[in-house]
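This is the structure I have questions about; it appears just below.
Chains: A, B, C and D, in written order; residue numbering restarts at 1 for each.
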Amino acid sequence: MDRNQLTKWLKTPVKMGHKYSLHAVYFCTGCGIIEVPPVITARWDAERFGVIPVATPRQANLFLITGYVSVKTLKAIIRTYEQMPEPKFTVGFGSCPVNGGMYWDSYNTIKHLDKYIPVDGWIAGCMPRPEAIFVAVVHLWTLIDKDMADGYKRYRKDYKAYRANQEQLFGTLEWPPLFPIGESK
Amino acid sequence: MSLDLLLIVAFSGALLTYVFGKISSKMRNAFGVVVSLALVVMVALLYGQTEEKIFYFGFLNLPLILRTNMLAWFFAISVSALGLLCIVFSLSYMKGRERGDFYYLMMLLINGAMLGIVFSGDLVSFFIFWEVMSWSTFLLISYNRGKALFAGMKYIIMSILGSVAMLIGMLSLYATYDTLNIVTLSTLISSASSGYLLFLSIIFCIAFAIKNAVMPLHTWLPEAYAEAPSPFTAVLSGMLTRMGMYGFLLIMYVMVGAARVLNLGPGLFKFNYILAWLGAVTIVIPTFIAMLQNDAKMLLAWHGIGQGGYMVLGIAFGTSLGVAGGIFHTLNHAIYIVLLFLSVAAVQYRTHGERDLNSLGGLIKKMPIAFIGGLLGISGLIGVPLTNGFASKWLIYKTLILEGSPFLAFAALIGTWGTILSVFKFLHNMFLGQLPEKYQDVKKSPFSMQLPIIILSFAILLFGILPGIPLKVINAIGVSFGFESLNVTFWGIASDTGALNTINIFAAVLVGCLVVALLFKIGPKATPIAQDDNYAAGAPVPKDKYHYTVDFYNPLYRMITPYLKDFIDAFYMKLAGWTQSLSNGVRRIYTGYVGHYVMYIVLFLASLIFIQLKWSPW
Amino acid sequence: MHVVEIIVSPLLALIIGIFFLGLSRKIMARIHWRYGPPITQPVIDVIRLFSQKAFSHGMMFNLGIILSLAGSFVLILFLPMGNICPLSNSGGMLVILYVMLLAPLGIALSGGEAANPNVSIGISRKLIIALGYEVPLLLVLLTIMTRYHTISIVEIVRIQQNTTWALLDLPLLLSGIAYILILPAILGVRPFEIVQAPQEISSGPMAEYGGPFLALATIQHALSLFIGIALFVNLFLGGAGNPFTFFLKMLVVFILVLFINAALPRLRVEQAVKYLWRWPTLISLAGMIIILIIRR
Amino acid sequence: MNDSLKEQLTSVFTDVKVFIPEEDRIVITVEKEAVLSVLSFLKNHGYSHLGLISCVDWIEEKKLELVYILSAYMQEDESYHDKERTTIILKTKISREKSEFLSVTPIFVNAEPYEREIHELYGIHFDGHNRLTPLFLERKYETPPFRKDFDTRKYVQDVFDNIPFVEKKAENK
């Protein structure tokens, strides 16, 4: 927790800023969201580390995908992810986004979240406990420090592939592509 | 530059445009613009001169006098300038419309009539031009047929009542002093008894209160503004209704004189105190009614009444600051209400006459110039600092507070906040928010419409940042009324009890904006996205399914609608109903048989004889 | 000296405002029995927000937020802060009243361009609440101006320095109470946090604000906190000799408001306006009548 | 009280089998033509609350069984008291291939979403239903997913698994 090391702030303010002010989109995608309230309130208090839920994706830089992702919710997740401003990080929360988890053979849930949107970190567990969220946050810090939390860069670089996957699943999408398809290669 | 030449040009120009109109509409438009341009130049050249021209017609051996002074010049320049801008605007607005020649004839006739009123030196010519103006306004209001006929009828009845009141005043003046020359009258009147002066003031001010839509006599204004063709509504609201203000000034401070008018009437119920309270009521109630309107022009019409209240309040308060504030507000109001009506007309022109605020929206991307005009117009109407509305309202508030009448100041300030709400709803529902499906292909407004909007927006900012320019003229008017002069600096008022310095505010805002723009530049450049790509909890914002600017202040409506029924209009309608039924009854007497008439005469004679025999009064 | 004042006072106001924001989050956390973020958390948030590449809906979207923050900075130049008051003689109280209008107007204009349903609802709520608390606020300000027979705020502060504070000077007590009752509404704090309700309308007019826009909006929020409290301190607690005592007085008032904020739930718009037009208006009306009687 | 209902039912309707597995529960199995009339009969007798419509896929008999669960709303007057506790389960069987049935919305308006769901997941077409649009599913399925012959694992294989991972795709390009 190098929050009050002034030299780091002067050298890399952007990284430090992102590390200690992670505003998470309060978007209940699946069953995991029941773990988030205890994290934000008195018992575990994520605000100590600067993690607070915000109302709109426009104001956020962290996107917690909590629990299984049904095909219908994936549409909303992709739209919300694309509406977030640029340096943004996603964390897959629980085993279902990782590989489908308990619903591995269900016709209605997607199996691998990072086929459709880039994911920077995973938290295993079928509803991991709040402490696991803090482990994920700390892990995200190290990723940010080492510049490995580059999900949004990968999305921009391989947008053609991501878009193709999405269209393969949904057929035509109502919203226009985020980056012009032609030159995103 | 003699006055009679000016009026001859005005009226002959109007007739000639009608003639040219028969030949070709292009020539008519060009000639119309040339005439109004010539009027502006001629009036501008009259600055500072006090010239008097006397003409003797065989009419009641009363001379018709034309004279100019600072007050006349001030109103004349705004009348002709705004008239020119509205003519330029209506060039393309009236392109497709039928009866274009009639429209231009009337517009130039009204322009000339208003100049006539302002320059007339005696009450007879004043009355003649007043009637010419009222009649041509009636004809133009009912230009669109349909509902406009009813609006025109309502307007003309109330303005006839006003003219009759004025006529009574003139007759009584002529009876006592057998002259109607304003200057000689003002000297003679000062010797009259205060009771007679009170009668005179009340009679004349009823006429001018109707024209200026002061509260109890305001009911003709909303329909007249809404139904008249938009460029004409701009002229109507900008200058025509403010002839009432010219009338107030003429009576209260030129004829009766400042000293006498300020203590007419017993004790607390002084004439100008009652007038001030009428002005305050006129500010508050119409502004809150404006909040409930869903039609753009009705909303602006109710604001026209509300702002009229500020002027009357300023003038009736009788201090040098108050009168200066009132006159300055007349000019400012003229500028921004004309700008607002022109931007509504521009939107109407592009959206095929759509006025309903609930079905408009999101036009900012399609019509940016109209948006800028609307934005500056409403900021002038609210009185945001650096716009001209603020300078005049500041004067009025300062005198109200320092003279120790906080309730009047409270009414005026609450009027401003009511204006903010209703006027932002006007801007938000027309230009911001969701663009309806059917207006996706709206084009920009043509240049001949954009030019007046740009000029007026520039004027709002100019008079807001440098109020000294008009204040110098207004100060001269105040001095001519006998008030002590305010030391007007180039950017406001310098006085020990609180000065106004708009240059400081302007510099502060400019530097503030620059600093914040630099601050904004620190972050990376934002990527532009479509207007409707919004966050709606992961779902697409439904297109045209619902329009969330409908009923914009719904919680507030539920609270204040019960208190804001328009009692006065209902009362007038009931009155009109009674007179109609009464006249129906009377009509039945004339049955058309001669026998009945003879019977009436015989009965009448019999009753006379009977009275003579019984009481022998003669 | 004058130029230095013009530079110093906005900076001082900014620092105090940001400090108040950080303090409010810390105190709220402690009331919730949590540890809470460091006091400098708003600074970290602003740094992070400035590094994000946001989305803009058009020219008015950018200009609106710039106008609103510039409006708040300009307003601070008119407010005396201790003995610093750069633009005291160019309009006085009336200019303050009208420049207070620039900030919400700027945000309303820029939010309007975003055509987001939440933003439109947020703007209409903002204007209704503004009308709600303006009625008693205007009554209070007019009472003070007629009481001290001046329209310049520096004059009011100077008179209070000589005589007692306005709050303790008997006839103005009612106006002081009325002002305290509407202070949470002016600051947009919890019982009246209807405008930026995150749960209901996803933070109202700020729903579409991304990185730098949100940074400017948070700075503007901090400044409006400062302005609301500074106005109260100047008008009723007699301003201050030097900026430090001014800051102490503001701290006391701020913590009082914070406790109200922590304790009360959010009102609906009609309830808020009904409350604002009932008790505070009656009290301030009574205050004004008393002042008029005394003056006669 | 249940037996009195049983007598009434058997007296009015011909081939209706009423069976009371336990206290307060009546199971009625009916032919598919008589469903509507029995339902309206029960509704007039106080069982006006249609709790649920569900469907069972008997793949061996090639039948789809529709189950209607009815109960009575709370009432003040005494005679209703025991009615409130009993739930009625009405069953009928329709053929699996030609899965057609009449919609009960004319009798119970709140049956509309239940029938839409069964249409989407079992493929039974309810004629007389005003809005048989999909309710939950985003994608189109040839065999409706809840039918027993729908092989989910094969479906997952050929839909989700052949969507490539992004990195792998980028490398082999």
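Throughout what follows, a contact is a pair of C-beta atoms (placed from the backbone, for glycine too) under 8 Å apart; a residue touches a chain by one contact, two chains touch by 3 or more.
Just so it is clear, the structure is predicted and the values come from calculations on it, not from any experiment.
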Remaining chains grouped by touching, subunit A not included: B, C | D
| item | value |
| --- | --- |
| Remotest chain, subunit C as reference, centres from CA atoms | D |
| Comparison of A-C and B-C by number of C-beta pairs in contact, larger one | B-C |
| Mean-CA-position distance for subunit C and subunit B (Å) | 36 |
| Computed distance of Cα centres, subunit B from subunit A, in Å | 59 |
| Of all residues in subunit B, the ones touching two or more other chains | 524, 533, 535, 537 |
| Residues of subunit D whose C-beta touches two or more other chains | none |
| Where subunit A touches two or more other chains at once, by residue number | 56, 58, 75, 83, 86 |
| Interchain pairs in contact, sorted by label | A-B, A-C, A-D, B-C |
| Residue numbers on subunit A that touch subunit B, as the complex places them | 27, 56-58, 75-77, 79-80, 83, 86, 174-176 |
| Complex contacts: residues of subunit C adjacent to subunit A | 25, 29, 32-38, 41, 44-45, 47-55, 198-199, 202-203, 206-211, 214 |
| Of all residues in subunit B, those that touch subunit A in their complex | 524, 530, 533, 535, 537-540 |
| Residues of subunit D touching subunit A in the complex | 136-139, 141, 145, 150, 152-153, 155-156, 159-161, 163-167, 169-170 |
| Residues of subunit A defined as touching subunit D within the complex | 71-72, 75, 100, 104-108, 110-112, 114-115, 118, 154, 158, 161-162, 165, 168-170 |
